[in-house]
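Multiple structures follow.
Note that chain A is present in both complexes that follow, paired respectively with chain B and with chain C.
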Partner chain A sequence: MRSPARVRAAKWTALVIVVVVAALVPVFETDPATVNIAVFTAMYVGLATAWNIMGGYTGYVSLGHAAFFGFGAYAFGLVLAHLGIQAGYEPFVFVPVAGALTVVLALVIGWIALRTRAATFVIVTIAMMFMIQLLAENLVGLTGGGSGLSFPVPPWSGDFFDTPFYYAMLVMALVSLAISWWIRRSKFGLGLLAIRDDEDKALAVGVPAHAYKLTAFMISAGLVGMIGAIYGYYVTYIYPQYAIDPLVGISLVLMVFLGGLGTLWGPVLGAVILEPAQLWLAYNFGASRLYLVVYAAVFLVVILLLPRGIVPSVGDLVKRLIARRAIGPSGTASTSSDTHTVARVQSP
Partner chain B sequence: MSLLEVESLSKRFGGVTAVDGCSLSLQLGSITGLIGPNGSGKTTVFNLITGFIVKDDGDVRFNGRSIAGLGPNRIYGLGIGRTFQLARIFPRLTALENMLVPVRRSGIRALFSRGQWHDEKARAMEMLAAMDIANVAGLLGGSLSYGQRKLLELAAVMMARPQLVLLDEPAGGVNPGLVERIGEHIRDLNQQGVTFLLVEHNMPFVMGLCQQIVVLHRGAVLAQGTPADVRGNPAVLDAYLGS
Partner chain C sequence: MTLVLEAVVFGILTGGVYALMASGLTLIFGVMRIINVGHGALVILGAYLSFALLRSANIDPFVSLVITMPAMFLLGVVLQLVFIRPLKEDREALSVLVTYAIALGIEGLLGYLFTNNFAQLNAWYETASFAVFGFHIAYVYIFGFGLCLAILAAIFLVLYRTTFGSAVRATMLNRTAAQLVGVNVDRVSAIAFGIGVSTAAAGGVIFGMTNAFNPGSHYDLISRLLTIIVLGGLGSLRGAVIAAVAMLIIEDVTAVVISPVWASFAFFLLLVVVLVVRPQGLYGIRVRERI
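Moving on, here comes the complex of A and B:
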C-alpha cells in the first residue's frame, strides 16, 4: 500500500532525478542555441516560483514583478561598475547584493501597495512597474537612459558562454523552490494561505496580515531581483524597455496559472512547458511575436478547461482513479474518499 | 472584577451615528447577551471592541488597559477572540489547518517553525473531538456543512486560549438540535473560565444562556440586567415592537 514513508521516499527520488537531469543538460547538449533555451527556462522556473510565494500563497496577484526583475539587473550592473568587478565568475558572488537592494525597493513599494487589495493591488503593481521603467529611462546619469547599461563581458568562448549562466539560473531556481517549499510548511506560510482565503478573518485570529504580506512580497521580489541580476549579466547590455518588460511579468503569471496557482510544482511545470514553446515560436517565426497569440490562446484554455491549473486538476484526477480502483468498477465512489481527494489538492 | 469596560463608545458613518455613547462592562467569567433590533449597532460594537473599525469617541479597556486603536490581530493576541455572522472559516484550508492558524509564533520565529507541530495538532484534534467534528479534520473548510463551519469557527477561536470571546449570532441559521449543542459548548467553555459576549436574535437561547442582558437601541444602551429584568422592561418591548 501507499504508506506515507514510501510516498515521501518516492518524492525525494523523483526530485533528485529531476535535479540531476537538469544539472546534466549542458554536459550532453552542447549546442549553444539549446543551452540558451535551457537558461531562459531555468530563469522562468525561478521567476514563476518566486512570484507564486506572493501571488499563489498570499493571493495578491502582482503584474508588476518585471519591475523587480529589471531593478535587480540595473542594481547589479551599477554595483559591478561601482566596485570595478572584472568579468568572469567573480560577479556571481555579488548577485545577493542586487537581491538585497531589490528587497529594500520591495519594502518601500509594498508598504504602500499592500494597503490595497484585489483588483486595486493589481493596478497599483502595474503603475509601479511603469514608474520604475520611467525612472530607468530618465535617470540618464545613473542608468544610461535609453542608450542602456553595459555589463562586463565574460571572456568565455561561444560554445561555453551559456553554461555558467545556466548553472547560475538553475541554482536560483532551486533556491526559490527550497524557499517556497519551506514557507509552504511553516507557520508563516499557513498565515499567508489564511490571508489568501479571508484576510479579515485571518486578522481576527491573530495573523499580522500586513507584516506577513510585506514579508512575502519582499522575499518574492528579492528572488526575482537576483534572477534579473543574472539575466543582465547574461545579456551584457540592458535597456529600460527590455529589462523592465511588462511581457516578462505577464508571462510568469501565465506560467503559474497554467501549472497551478499556489502549488509548489505548478510554477515549475508551467515554466517548463511555456518558455521553450515561446522560444521555439520566436526562433521559427522570427520576431513576429506570434507567441503572444499563443499565450492568449493558452490563457483562454486555462480559464475554460483548467481553471485551477495542471497540478491540482491532474492530481485530483489521479487520486480519483486510484480511489475508483480501490472501490471496484461496479461500486460508486464513496463520498468520503471523493471529498478527501478534494481536501488534499492544495498540498504540493 | 470587570474584564472588559466599554465607556461612552461612539462611531459615526457619515451622517449616521451607529454607536452613540455606549457603555457596558463584562464581569470575568460571565456570559452576557447583547440584543437589540436590527440596525441598533450590535455588530458595530463588536467591530469596535475587536479593532476592525476605529472609534470616534470613548474608550475600551481590557484587563484595565486601553485597547482602543489597536489592530484586530493585536487584540486577538491580548486574549479577545471573535466569531463572525454567517461563520467565516478558511475554505481552502483543511479543518485541521483552520484550527492551527490561530496558534502563532511571534515575529521572525513564524518563518522558521513548522506549520503543524505535533502537540498543537494533538490539541486541535482534542478540540475538534470535543465539538464532535473530529471526523472532518482532513476535509477542506469549503466542503463542510454550515453547522460544521459554525462549530469549527468556535473551536478554532479557542485554540489560542482567549479570555474573552465575542460571538456574533452563534445560533443563527442552524437547526434547533445544533442550537442546543452550541449552547452546551459555550456553557462548557464558560465553566473552564472563558468570558462570553454574544449577539443573538434567538431569544429563548439568549435568555437561557446569559446571566446578563444588554439591550442596545439606536447605538445606545437602553436597558441592562438579568434576563427576567429585561423581559419585563416596557421600554425594551417598545423598541422591539416599535411605538
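Moving on, here comes the complex of A and C:
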C-alpha cells in the first residue's frame, strides 16, 4: 500500500531531520557523560532493530541475542589482536569481519534452535547463550577466560573519546534500520510475516520457511555481532559475564515490546525511551540493588499497560481519529483497522 | 572407578532436587502455557526465607518448610493473579518478559536485604556424613532426596488420584475443552502456579544447604531448569524427572572424567544433541505450536 505523495514527502523530511539531529548530538553536546548515554542509546537502537527482524517479523522470540553481542565483541578483539591492528580509526574497518564470524555462529545455532518453535525456541536460545558464555570462560587459551580480553586503547582524549564510537553506533543503527525497512517491503519480509502468522500455512503456500527463518536469524545475529564488536572496542576490556550478559538480551527485547513488536520504528522508540531511563536508574539507584527492583517495576508496568507497544497503539488512535473526521463526528465508521488482534485466536 | 560411582550417586541425589524444581516449572508450563523464567529466583527466594528463619529464630531449614511452603504457595497465587492473568495476547512471549521482570525484582530485593555475599544454610546433617562404597555422603543429600521423592509422590498422587488433579490434567490437554466441561481453569491455573512456586521453596532449602548461593544465583539455576524441562518435553512431569536425573549424572560424571569446568557445558551440550535427534524432547508430543 503506497501512501500519497504528500505523506511520503513528510515521512522522508521527518527521517532526514531525525538523522541530522542524531548526527549533530556530539557537536552540540560535548559533555562526555551525555555522549556516553548517546553511545549506548544508539547501540540499543541498532540492537533492538536487529532483534526485531527475528523476534518481530518472524515471530521467533530469542532471549539469547546477548550471545551474538558478546561473540561479536570477542571475535573482534581476537581479530584485532591476531592481525596486529593499531588503535585508532583502523579497527572500525574490521567490524564487518566480526559480523561475518557471528553470522557463521548464527548459522550453526540457528540450524539447531530453529528445529523447535515457540516456547521451546525461547528456552533453547537461553541455553545457547549460556553455552557461549561457558565457552568464553573455559577456552582460556583463546579468550583469556575469566580474566578477560583487552582491546587496543584508542589514543583519543577524554572529551573526544566517545564521539567516534557514537558515530560508529549511529551508522550501525542506520544500517540495521535500512535492512529492517528493506526486509519489511520485500518478498522475503512478506514470507517472514507469513511464518509469524502461521508457519504451517506459509509452508503450504510455498514459503521456504526453513531457509527464510534461518536467513532472518543470521541477518539479525550478524548486525548484533557487529554492534557487539564496536561495544568491545569502546569499553576496551571484556569479561564473559559482561560481554554475554542476559540483561542485555532481555533489555533489547523489552525495548521492542515497548515500542511495538514487528514495527519498523517501534524498536527505535523503545530504545530511545528505555536506555536513557535505564542509565539514569543505574546512576541514581545503582549503588543499592534497588536499581533492579525499580527496573523490574518499570518493566511490569510497560507490559501490563501497553502489551502491544506504543507504535501500534498510537497508530490505531490516529487511524480512528482520521476515520472519524472523514465520516463526521457522529458517524460510526467501522474502524477495525486492527485486524491483527481481531483475527488472532485467543490462546490460553 | 570409585570416583565415577561417587559421581553417579551424587548425580542421582542432586538430580532429585532438580527434578522437584523442574517439575514445578513444567507443571506451570503445562497448565498455563507460560515459561516461568522467575522460577530460579523463586527457588533462591525460598532459600533466603529459610535462611532468615534460621538466622533470626534458629528454625531448622527442613522444619522451616512448614512456614515457607504455604507462604510461597500464596505468593505464587498472588503473582499469577496480578501479573500472569492480565496477559491476553501474545501470552507466551509476554509471560517470559513478565516472569523475567519478577526474577529481576526478587534479585534486587534480596540483594538489598541480604547483600550479594554468598550465604549457605547450615545444619548438623549438612556436615555430618556416612561412608558408603568408599566415599562419604553428607546426610543432607539423603534427607533432601527423601523430601523430594515425598513431594514428587504427593504431586503425582494429587494429579492422578483426585478430582482436582483431573481438572489440572484436562486443562493441560486442552484449555478450551476443559472450560467447556466445567473446569474452572482460572482457579486451576492459580493453584497450579501456587504449587509450582511452593515446590520452588522446598527445592530452595535443599539447594541452599548443598550450595552457597547469592541473589544472582538464579541465572545459573533457571538456565539449567529450563534445559531440563525442554529435554524432558515441555509440560511432561515424567520427562522432567527423568531428564533432571540424567542431566545431573552426566554433569557430575563429566566433572570427574574430564574437568569440572566443562561439567555445565556437557549439561547444555546434551540438550543440543537431543534437539538434533528429537526436537520435541524425551516425552514431548510433537505439536504444531503457534506463537
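Operating definition for what follows: the second predicted complex is superposed on the first by the 319 of 348 C-alpha atoms of A that agree within 3 Å, B and C clash if a C-alpha of one lies under 4 Å from a C-alpha of the other, contacts with A are read in each partner's own complex, and residues count from 1 in each chain.
The rule is short, and it goes like this: contacts are C-beta pairs under 8 Å (C-beta built on N, C-alpha and C of every residue); 3 or more make two chains touch, one makes a residue touch a chain.
In this text the structure is predicted, and so the values were computed from the model without any measurement.
Once the two complexes are overlaid on the shared chain, A:L190 sits against chain B while remaining clear of chain C. The partner that reaches more residues of chain A, of the two candidates chain B and chain C, is C.
By the document's definition of touching, of the two partners only chain C reaches A:I112; chain B does not. With both structures placed on the common chain, the touch criterion links A:R308 to chain C but leaves chain B unconnected.
In the superposed model, A:A209 makes contact with chain B only, not with chain C. By the touch criterion defined above, A:D200 reaches both chain B and chain C. In the superposition on chain A, A:G158 contacts neither chain B nor chain C.
Chain A uses residues 196, 198, 200, 344, 346 to touch chain B in one structure and chain C in the other.
Every residue of chain C that touches chain A in the complex is listed here, in rising order: 29, 32-33, 35, 83, 86-94, 96-98, 100-102, 104-105, 107-112, 116, 175-176, 185, 215, 219-220, 222-223, 226-227, 229-230, 234, 261-262, 264-265, 268-269, 271-272, 275-276, 279-281, 288-291. Contact residues on chain A toward chain B in their complex (touch as defined above): 183-191, 193-194, 196-198, 200-209, 212, 215, 339-340, 342-346. Contacts from chain B toward chain A in the complex involve residues 50, 52, 71-73, 76-77, 81-82, 84, 88-94, 97, 100-105, 109-116, 138-141, 143, 156-157, 159-160. The part of chain A that touches chain C in the complex is made up of residues 59-61, 63, 112-113, 115-120, 122-124, 126-131, 134-135, 137-138, 196, 198-200, 246, 250, 253-254, 257, 261, 288-297, 299-300, 303-304, 307-308, 341, 344, 346-348.
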